[in-house]
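Shared between the two complexes below is chain A, which has chain B as its partner in the first and chain C in the second.
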Partner chain A sequence: MTEAEPGGPDPARTRGEDLAERTRGGERRALARLLTEVEDRSRAAESALRILYPLAGAAHLVGVTGAPGAGKSTLVAALVGEARKAGRAVAVLAIDPSSPITGGAILGDRVRMQAYAGDSDVFIRSMASRGHVGGLATSTVAAAAVLDAAGFPLVFIETVGTGQSEVEVAAIADTTLVVQAPEMGDEVQAIKAGLLEVADIVVVNKADRPGADRAASHLRSMLTVGAQHDRAMCDRPRPKRPEVLLASGATGQGIPEVLASLDRHEAKRRAAGSGEGADGTRLARAEAQVWGILSERLRGRVREPERATETEAILRAVADHELDPYAAADRLLEAFTRR
Partner chain B sequence: MTNLTAIIANMPQRPIRVLIAKPGLDGHDRGAKVLARGLRDEGFEVVYTGLRQTPEMVVSAALQEDVDVVGLSILSGAHMTLLPRIVAGLRAEGLDDVLVTAGGIIPDDDIPALTEAGVNRIFGPGTTIRQVADYIRENVARREDG
Partner chain C sequence: MTEAEPGGPDPARTRGEDLAERTRGGERRALARLLTEVEDRSRAAESALRILYPLAGAAHLVGVTGAPGAGKSTLVAALVGEARKAGRAVAVLAIDPSSPITGGAILGDRVRMQAYAGDSDVFIRSMASRGHVGGLATSTVAAAAVLDAAGFPLVFIETVGTGQSEVEVAAIADTTLVVQAPEMGDEVQAIKAGLLEVADIVVVNKADRPGADRAASHLRSMLTVGAQHDRAMCDRPRPKRPEVLLASGATGQGIPEVLASLDRHEAKRRAAGSGEGADGTRLARAEAQVWGILSERLRGRVREPERATETEAILRAVADHELDPYAAADRLLEAFTRR
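So, the complex of A and B:
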């Protein structure tokens, strides 16, 4: 990372500001380049986000999650097509896992989404998780804010294929859509804690397959009952009562209904406003972002050359079991306040 | 012994992003998938777009994904038509620093014309994944850091 010459213009900052302006102007190449900077968490990205973040907030961020092979990409592709019929611009962030061993990744979600080449109102970007666990990449929230500021009113965030508990997407999306395939479990699966609990909408995909109706009715009976119980537990966090829809990304069956359901959910969130009693999703998203940056900044300061020797000594003491990790963290924190 | 200070000081480098696409009508992508997998193991982020890509699809994917390299696999014999169109499309979008490579079944006699059209490198049958990876690492345009 090159530091700015004292007194001279900071090239990273200038580049970031330039990319932000061109992104706002609708230049797709600049948007793509800026997303790369955001993924690399560069200083250029930081200065671009200072410009773009205040301009974001209008888009509906839809998280799409579910097990590998449930049909997330196909469903998203179908929803993009449906939104385009209504003339709405759409962006997609599709996350696939990075190898924990080599850092490489296969980003294969575009395979299902290639019908929109040449349509400048569709922008699809693949992201590798780059060591982040939870179904997203570290920079997903920032990337979504860039797409939002670039003027896309609808942004789909497709997570890596998830297991039972990768619920992070629910904290960053306005609406969380969980994709299930038929034959993926019985009623007991539907009442387990985790992924299904954070769903605003559950889509039983591959509705053309045998058993899809039964899967949907299982899910409905287990997820949508209990309104009376909700009222009785008013002093405790209440579970969501997701709508369960049958659809097929491959045939297009049920897709208009899914998009309509997403729109209804967004309208409800908007009507609630941002005051007390509003859905806390956006506050949770803000918190996740700021905490993420805070811990990154702290780690960055630990890495500073003038500190590195002290940091290394502390880490080594923990490695040798001479110091416990809590005391080590406290000691590093003290070092910051000393300065 | 691991030098902890060096690890702390050196943030991991940005992975090289590669688009692997199969333009044209051939229906056989085992080779492209094996290459994609091999490049993943070499530490690259590989965007795989699959079969039957038009030049417009390849260009649009390269632009949106901001890749460093476009790798095209072609077995059908249509390389003299498709590859120059893809290179021209990339340049028309201002993607001048993207490395363009191709592989598959491309006769040696066609290589000079393709090189002239702007394809940076043709890999023939028998090329190892390591050779491809090394070529990419040596020739990819290094972007200014910041």
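So, the complex of A and C:
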């Protein structure tokens, strides 16, 4: 859009445009291939996204997070089944911190999803961070936009861990569902509090197990106390007051209610419109995505051949404690604007 | 350093300089106050760091990470005790994803550290992310530099979770110690693989429990397979081949050996010098820190009054899928350079 192209068409760009076209046309292999390009942050992905992004915006993006062992994958599989009963197409993005040692996917129970292997209206995909530090949110938003433009009206974004970046990834969804097992220990109970801040809906999973009702009441009272605390202590009231539901991914108990709650949350968002103040999540998502791209562009710029030596020398001086990092940042900022 | 000061001294700057001076002088209250300023990323913190950063570089920064329940805090407490026996001053930075609901620290067993409450050569501090998304590494490096300049030769940086950002924080240390309990389940076993990539030393903690020896052998064989895989598949060999040690934070078993291993790792790093190729961690740390500051500066710049309206409109257009995020990034990049 902004770059000149000396000497004929750019092959990466052509490939991206081709993948975008075929993805829009419903070709699942092209979709899979394009998501790999998105993961790799290739130039083909960029040219495809420039076409597909304006076509996206219709899908409901549901973030699913929670401590390991809470039963997220089982719950998502059950929700996919429930949506399929109503004929809805569904995509699942499983955010997966891959490892060169294990060689990739660590989610053993993703296997349950294989029930949908022959169903072209269900698309399941693991996304790895591939060492793009801090940029997982950018890739995830891009992948969700691709699935959205490919015609999936419902996209689950499932994260593995409960670290800061996983919480961020879950929080870029339209609706964030936090999954909680009833018998978690104290430490995890506490960690959960970090998750509750981003939750629109909390599901106490494994509702058939003893203690599930008590866990749900405990959560509801924690959330009430939290809201009171916020009203008393904070400048502005807490925007979210999550609903707490009991369900079981394994037995199917409560699953229609969870899907109905997701749909209600989305309907409310849409009714609020896109005016000033409304829909802060979509604005935050846009910002995260644009900022991720911008950071990459800027990193690229200081690494350009004519600046790389200067940049390297500045960073080396900071590493050797000869230059303070603020002065270094100011020098690099000056190098950006000098062009 | 680069900003002009119209109309007399800047109070934030004066406060920062004062805190830096008193921190260097060994005043623990000033140190604690300065770390709060660092957490808040205040302008006082910036002016203090501009003074202290060049005085830092002597400390050995040890990152400690591992799954919840692996016994990180107990192990760190034992290592602090061991270092104190030799008369060494020690600081501990506990990286803590705080929550408005729980109101802060979630590490119950941090209480064990209170044994050192009267010892001015032990300094323990929790650091919260305070919603500075993606910038925890920047704050942590800055806090570590403050402790370094305050004269602590050994600084432990302990993280809570096993998410991507926690792994990143651990990886910015000179030496990264990964703590593993012997009886973890399969899922955690696999997640651990993400941690092994950043490990210099792996401690199988709770060595008195059954299965500890087997867990250590299993880890050693995984690491051997990993190294073989890397040699076969990767362009360059895996830089790290972590040592695996058995210890118990609770009983003290193996603790002197872990401290000795940390010291050996640091001695090796220092012997390698700061020449080309050596000491990549310190360079990576400098880069993370400078990049964090630079990102804040740039975010600040697009939010400046004369640009805020334009920035807001661009982000809103992306949120509404009227503009693709790459085009948006290019427009904002143009706005930076126009000045």
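Heads up, the rule we're going with is that the second predicted complex is superposed on the first by the 285 of 339 C-alpha atoms of A that agree within 3 Å, B and C clash if a C-alpha of one lies under 4 Å from a C-alpha of the other, contacts with A are read in each partner's own complex, and residues count from 1 in each chain.
In the analysis below, contacts are C-beta pairs under 8 Å (C-beta built on N, C-alpha and C of every residue); 3 or more make two chains touch, one makes a residue touch a chain.
These figures come from a predicted structure and were not determined experimentally.
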item	value
First (chain B), second (chain C), both or neither touched by A:G87	neither
Partner chain(s) touched by A:P9 [first = chain B, second = chain C, both, neither]	neither
First, second, both or neither for A:E197, with chain B first and chain C second	second
Chain B versus chain C as contact partner of A:P210, first or second or both or neither	neither
Contacts of A:R282 with chain B and chain C, given as first, second, both or neither	second
Touching partner for A:S42 - first (chain B), second (chain C), both, neither	first
First, second, both or neither for A:L315, with chain B first and chain C second	both
Which partner reaches more residues of chain A (counting touched residues only), chain B or chain C	C
Which superposed partner A:G69 touches (first chain B, second chain C, both, neither)	second
Overlap of the chain B and chain C footprints on chain A, listed as residue numbers	1-2, 98-99, 102-103, 106, 108, 315-316
Residues of chain C defined as touching chain A within the complex	1-2, 46, 49-50, 53-57, 68-69, 97-103, 106, 108, 129, 133-134, 136, 142, 160-168, 185-188, 190-191, 193-194, 196-197, 222, 225-226, 229-230, 233-234, 274, 279, 282-283, 285-287, 289-291, 293-295, 297-299, 314-316, 318-330, 332-333, 336-337, 339
List of chain B residues in touch with chain A within their complex	4-5, 8-9, 12, 14-15, 17, 36-37, 39-50, 53-54, 56-57, 59-61, 63-66, 93-95, 144-146
Touching residues on chain A, where the partner in the complex is chain B	1-2, 11-12, 15-16, 28-29, 32-33, 35-36, 39-40, 42-44, 98-99, 102-108, 110-111, 114, 116-118, 123-126, 128, 130, 302-303, 305, 308-309, 311-312, 315-316
